[in-house]
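A quick write-up on the structure given underneath.
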Amino acid sequence: MNSINKIPVIEEKRTNPLARVFDEFVRFCRSRSLFILHYCTGCGAIELPPAMTSRFDMERLGIQPMVSPRQADILLITGYVSIKTLKRVILTYEQMGSPKYVIGICSCTVNGGMYWQSYATAKKLDEYMPVDLYIAGCMPRPEAVLAGLQKLMDRIHSGEANSWEDYFRNYDYYLGNQQKLFGENWQTPTDIITEAKHYDLIGEGTLGKHTQILEQHQKPLEALDMRLGHDLKEPTE
Amino acid sequence: MTLTPLDELFLYSGITVLVALLLGRRLPAGWMVTILYGIQLLALMKMAPLGYGGEPISSALTFEVMGQSLSWRFDALSWYFALITLGSALLSSWYACGEWEQRFRQSGGNLWLFHLAMTLNVFSMLILLASGDLLSLFIGWELVSWAGFLLMAMAGGVATKAAMRYITYAMAGAMAIFGGIALVYVSAGSLQYEAILTAASQMSTAHLWMLVILFGAGFGIKMGLMPFHLWQAPAYAETPGPGSAFLGAISSRMGLFAILLVLVKLFGIVNIDSLKIPFTLIDARDLLAWIAVFTIIFPTFTAMKQNDARQLLAWHGIGQGGYMLLGLVVADAMGAAGGLLHVFNHATYQAALFMAVTAVIHRTGTADLNKLGGLVVRMPLTFMVLLVGIIGLAGLPPMNGFVSKWLVYRSLLNEGMPLLFVAAVIGTLGTILSVYKLIHNIFLGQLRVEHDNVKEAPWSMMIPMLILTAIIFITGLLPGIPLAWVASVQQAVGLPVPDYTLGGVESASGSLDMIWVIGVLFAGFGIGALIFYFAGGRSKRVHQLDNYAGGHFLTADVRYQYSDNFYAGLMHLIGGWYRGSFLWLEQSVKSLVEFLSLGMQGLYRRANAEFYLLSTALFVIAWVVI
Amino acid sequence: MAPMELIIELILMPLVAFVVGMMMVLMMRRIAAKLQRRIGPPFFQPLYDIVKLHSKRTQVSHGLIHDIGIVMAMGGYIAAETLLPVPGMTGIAEKGGIITLLYLMMIPSLGLALGVGQCANPNGSIGIARALTAMLAYDIPLVIVIFGVAYAAGTTNLVDIIAVQQAGGFETWGAVQMPVLAIAGLIAMHASLGKQPFEIYIAPAEIATGPMVEMSGKYLGGLFVMQCFQLYTTSVLYVSLFLGGGTTWFDFLLKSFLVLAIPVSIAYLFPRYRTEDLLRLMWKWPVMLGLIGVAFVL
Amino acid sequence: MSQELTHWLDDLLEEIEGIKVRRKSSRRVRADVPADALPALLELLQGRAGYIHLSAISCVDWIEDDEFELVYHVWSYESHSLVSAHIRIAREPGVYLSVYDLYQPAGFFERDIHEMYGIHFEGSPNMEKFILTEWDGPPPMRKEFDSEAYVNEHLNWQEYNPPWLQELIAEGGGVIIPPEEQRFSRKKD
Amino acid sequence: MSDLIVLPLVLPLFGAFLLPIVMRTSISIGAWIGPAILAYGCWILGDQWMSGTALPFSLAIGGFAPPMGINLYIDSLALLFAFAVQLLGLLFWPFKIDQETARRQALMLLLVAASTGLALSGDLFNLYVFYELVAVATFGLIAASGSSAAYASTIRYLILSGIGSVLTLLGIALIYSQTGTLNLAHLAQLAPEQLNNKLGLTAFLTILIGVGVKAELFPVNTWAPEVYATAASRVSAFLAGLVSKLALLIILRLLVLIFHQPEAVQVMLVLGILGVITGELAAWRAKDVRRMLAFSSIGQLGMIFIALAIPEQGGLLAVLALTFHHLLIKSGLFMLADGWGGAIEKLRGAAKRSPLAAAIFVLFSLSLIGMPPLPGFWAKFTLITQLAAQTSPLYLIGLTVFLLATVIEAAYLFRLAALLYGPAAEDTPIDTIPKPAGLSLATASLFGIGLLAAALFITPVGDLLSHVAGQAANADLYINTVFAGTGGSQ
């Protein structure tokens, strides 16, 4: 399994100065206001409450916990990810609005950690979704988590943290891994391919043989558009 | 005899009835009847100066029966109500013919009887509105209640039961009015309005009390005021589609017309005001006000519990009736204008709402709020009509409902009646809650699999709905137009007239200018849209199953919608308060009659009848001799 | 009131409202942090949040009504701002009185309700059902209070009410004239903010932030903007009803921030009320206080 | 519990022929029973001795003597004592009868053992997948299943070798047991 | 010309006794005699009405002067009633040919003769004789339907009316002892002095109750439901429709001419109110169509008694309006009941079977309730205005009872109407639902047309009735015509 070489895609700077200042400001705001998804997959989540509360206070960095994936920017994968949970993690990841970042806390997300032998846990998280940052440690202390978050904020500010585009650009690679794990007729309700087309984030790795497999059995997912339906022929009951 | 405009109106209305009666069987009957309603409306327009303070037009047709003279004439009051009646009749029958008609005939409905009942209703309402004296008022009243009975009972089954209940109430009301007329005839010598007007001033309070109670109860039953409101909701809900739109819009307002005519014009609010209920500090006017307020609150909260869309709307019809009466009873310039304007506004959005719900029934086959959902994507225009309707019903700014409710609130504020003001606001809030349940359960939420290929309502039903929506919005934007008619009505009835402008009402203690308010509102929407569409990035439409469900994979076969027991928290608290809301009153009367009749029939089963004869003879003689 | 000047006012008032609103949101989060012995967010945090939310690249919409809902939410408040007189600018306060303002404040919550309805998410629907029930709960005391004030001032026109209060300086303030009404108004205002003890409809644990469950990117940004407007409108309404509006900008802002500080600081000390308890509470104390207050006024 | 009760229990257990009873402590009894006598024992315990609570069924995979050992832990609320009934069944057909009709909780224990060890219990209400919904490989708890080999074959590893780790290893720190001396998969033989 | 008036009275009497003999010889001729006589009677009375000679005139029978001899007093009211008797006799003629025909037709002729006598006679004793004759004839007719239930109800009716007659006789004897004469006109002259005391009042009350048996007055009308339910519907139509009204005519004459004490009127009012209450409420529970109609007629007659209690000319107009309206409606309804006799439940969905009958039923019930354009409304209106004009509270109670009764009436009539138009019961096929027979349907529709005609020309009918009421109300016109005819009074 060759892990494809991820070409670091640095955001190209826009020409006129006003736009550049605006982009700079937007990136600054993005870095200074992060919403963490309150989704505790494993044992590492116990480190987050102390990070939020009075002793380490994430809010001074502008980080707030949010409940629904739609509202969140950061998906914290804390602790081992069993295959069953991985399905839900991928669903949640796809439901988040990008630019979105994934932080793998605890060494279990890095290389399986202490469950490295288990048949039930995923070993390498970034096979299934692009991961921005790993914070190693079998439950890293809040300081480590905050340090990791600050590192992520710097990367966002500098514009490097755009691995979320990678999910669209190399969707076929990720889908392949997912199908390898969950079987051929694996499908999430979010239609990534049309989404990529919609936001013109189609890369050369988006469509491949894995996406063909997906096309064959995919249940229709296009949005119910408003129509008067007068043209429809009378349904033959 | 020269044909006055009023006679022309009667003539056309009579022709419509005949057309419906004779040619009703053939298919184009619906269209013919609609066109004739249009002609009637034109004939009414010829009397337009009435709406702007013109002189009353009397009809050439007069009767001389048993020493009573019957005459008919139209004044501003009757012109205003006739305008609403004919308007809703035209739109309802236009809505009826076309695709709805075929579906109704296929499903076994008696289309001929339907059109006949509608035309009879309109004809009898015109006669009632044009009544020149109390006797012709009563004749018109009876005709209206019987025509209403026919329209309600034609759907058979549950509708007939509801109609039976209605007719018992209506007959009780009619008899109360009949008694009142007899008393008035005795004290005033004749039933002409002028004679009554003079006699009213020097009536003894006990006599006036008797009349107020009789007439109030009689007309109140038709209006569905608090203790007598139980018949209205099932009766209006069960009538076939356009029928319920017509009935909901105007039928129970005839009661208000009669109250206005008798209690306000003839007896005058001032002497009603003088009627003190012994050893309580409230007088007749406060009593009417409190009845109106209870009629606002209880039906609105009962509407919230309904699971059938038509029942919900019918219960709201009763609730809104309370506003009209409240406005009238406050009887200062703004209040009366508010009450009367509310009649017009309510007619427009109630008809639109009933039509929208019938369109949904036409397409999906059910009006049960727990079996619908997500229809906005399939029936967008009907959604828009229902949305405008509920904004009007709830009385929110862009639509006309707000203007009339604002006037009622202003008058309550000026007169300094805090409890009434608060109760009216509770009614409005209740309406907002229940109308949201209506639009949410039908149009928002998950679309059911079986409703996937539902089509938009057919054009023959859609056009009248769109016309009504336009009327609602325009009269909301420029309330001056209906206010002009309302002002002339107030003059005719002898109530103080507010100084209105095209945009709203000017007054020292706070005025309303709808053009500015709506202008600013839409400007705000514009800026909001600007921020939303340009400041934010592009957004993508997603399928309804691509939804947050706590990590669960949503599939089409599992229903992911919250519509049953919609306001669980609220119902948990106030659910028990109004279980039957006066149902016990009706049950007690019915059981009393049953019990008595049992006793009476027992009397006739007695074997030894002779004993009766002798005993009565002895008793009578003894009574006479002593 | 030359039309040009009016146009400027109509543009300026919402902007002022937005800026002051953001400052109020900041103050709220700062107070919350201080109560929990935390440092609290930096000064421009609300601005960062809003800009970040609006700069999201992919957003999820569930249909046209979902978008219109958010637009109505923001637009409703922008329109309501113009009815709120601020020192130096009165906008179109004379054209519609307090009752119109009360109704205009209802439009955003109804627009949001429609938008959330289209999101087809039961969490959202339950949240909206609870939000409307809460609205029913707190609107009754609010209306009683408004009736009392309007009747005392004899007019529904906000400009005159403020003028009446400012006529006699401190003594003729609403709060001084009608203390009971002021307290009832405070409780009602607190509930209408939908903050901690009364935020049953955003309960994160039970219904995943209720109405905001499907709001991503600019939709959530729109709601944050609405929150700023909501704080501003409620506090300024309270100030103009009871504390005699602002003669100068400084004391106007001081009063509104102080007024807002009270409910916000109470907010983070109480657990959440259930819907029935919320109804029972709001219909018991503020309504009684309000009626007593109105009885005095009559 | 007083002594005489324990005697009473011993006499009771004697009724099952071929039963070996060992008393672990005053309130722990271990009974080894031939496979076909278990239902009778359980009925006896439940019916006449008040052992109405089956807390667990555990299974041990004796791969060497090609047998599964099933242990039924049965508790009595009155005498607060545990009887654990051990039986041995052959590994190959791996079939045994269900005790669901005596103890309803047994349904879940048997379903779990079926999923993990592949033993089929006739009469058990439900034998589908229980916890490992995504797993379609062999029952994982059996000894012949090599989890690590499965992992190597299906999943791949994260080559995590950042510069700072290399310096540490260079100075002799880092991982204590180098991968080569790991017990199983990394052996190079 | 005026002497021919006696013929409608005499000819049927003669025919009644002749008929059995003729019948024995040839049925065909016999069948035609009855209707011929009645037709001739109608012709005479109609001609008399048309000729318009000075209507109130007295006819001394056998040349004896009034105070001594028996005289017939014919004014427009009496003429109207007599004509109605002849016409209805003709309409309800029992054409069915079977072995009972002779007796039934003879009795019918006897009944018609006696009723005409009642309407016309001017002498108290003569009235009593005709009243007895009517009673006897009705017993015969009811029993003629032959069912055992009919016999039982006839016996009960026999006992009741027997006692009633005794009471009437007692009353007449009292009057005779006081005044020494039985001629109505003479009595009218003497009444103010002699009969204006307690004794006179008792006399009136005994006669009231005696005659009340036939007029279904409150306590004494227990026979009515049984009789109407069991007798042939043509007979019960004739009885309910007309004969009870004639009994009322007697009381009317007595009230107008002789007795003016207020207590008399109050008694009648109280009994009337009780009659209305019991009648309507019992009708609410009735399960059988005929029984329901019987109770409803008791209620209606109670209303007419209330109307009678109103003193001067206005009250009389109300009485007449209500009487003739009830006559039309009740006869028509009983004709419908001919086909729809049985239990109400069986009528479910009857409108599909016979739409005309259902339409007529609805028309009649609408008019009974008082739907404006129909004459029922005007009758009620006159009654209501008269009642309201009275001062004493008893009348107001009467008014409220009257109004409530109408509501109950509307309820049970339209419950039946809803049943008719409702869906047929599941298992019963359409054609097994009962259907009114051809002839009775024809007569019912005849009455319906009569009703509609009255509705259309309401003003002329109104004037006619007020003219009749005016004539009947003034007592001295009665006295002068009776005595003027035979030269001065003693």
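Chains: A, B, C, D and E, in written order; residue numbering restarts at 1 for each.
Going forward, a residue touches a chain if its C-beta (ideal position, glycine included) is under 8 Å from a C-beta of that chain, and two chains touch if they have at least 3 such contacts.
Note that the structure is predicted; figures quoted are calculated from it, not measured.
Hopping across touching chains, the smallest step count from chain A to chain B is 1. Taking the mean of all protein Cα atoms as the centre, the chain whose own Cα mean lies nearest is B. The chain with its Cα centre farthest from the Cα centre of chain C is E.
Seen from the C-alpha centroid of chain D, the farthest chain centroid is that of E. Judged by contacting C-beta pairs, the busier of the interfaces A-C and A-D is A-C. Separation between the centroids of chain C and chain E, computed from CA atoms only, is 80 Å. Rounded to a whole number, the gap between the C-alpha centres of chain A and chain E is 98 angstrom. Taking the mean of the C-alpha atoms as each chain's centre, chain A and chain D sit 39 Å apart. Taking each chain's centre as the mean of its C-alpha atoms, chain B lies 46 Å from chain E. Counting partner chains per residue, chain B has residues 374, 376-377, 447, 538, 540-542, 544, 546-548 touching two or more of them. In chain E, no residue touches two or more other chains.
Within chain C, residues 53, 55-60, 62-63, 208, 213-214, 217 each touch two or more of the remaining chains.
Every pair of chains in contact is given here: A-B, A-C, A-D, B-C, B-E.
By the touch criterion given at the top, residues 374, 376-378, 380-381, 447, 453-456, 459, 538, 540-548, 551, 553-554 of chain B touch chain A in their complex.
The residues of chain C lying in touch with chain B in their complex are 10, 14, 53-63, 65, 67, 70-80, 82-83, 92, 94-100, 103-104, 106-107, 110, 113-114, 117-123, 125-126, 128-130, 132-133, 135-136, 139-140, 143-144, 147-148, 150-151, 154-157, 160, 200, 208, 213-214, 217-219, 221-222, 225, 274-276, 278-280, 291, 294, 298. Listed in rising order, the residues of chain A touching chain C in the complex are 25-26, 28-30, 32-33, 38, 53-54, 57, 59-60, 62, 66-68, 70-71, 73, 95-99, 195, 199, 223-224, 226. Partner chain C is touched in their complex by these residues of chain B: 374, 376-377, 383, 387, 394-397, 402, 406, 409-410, 413, 416, 418, 421-422, 425-426, 429-430, 432-433, 436, 439-440, 443-447, 508-513, 516-517, 520-529, 531-533, 535-542, 544, 546-550, 560-563, 566-570, 572-574.
Per the touch definition, chain B reaches chain E in the complex via residues 63-66, 68, 135, 138-139, 142-143, 146, 153, 156-157, 160, 163-164, 167-168, 171-172, 175-176, 178-179, 181-183, 185-186, 593-594, 596-601, 603-604, 606, 609-610, 612-617, 620-621, 623-625.
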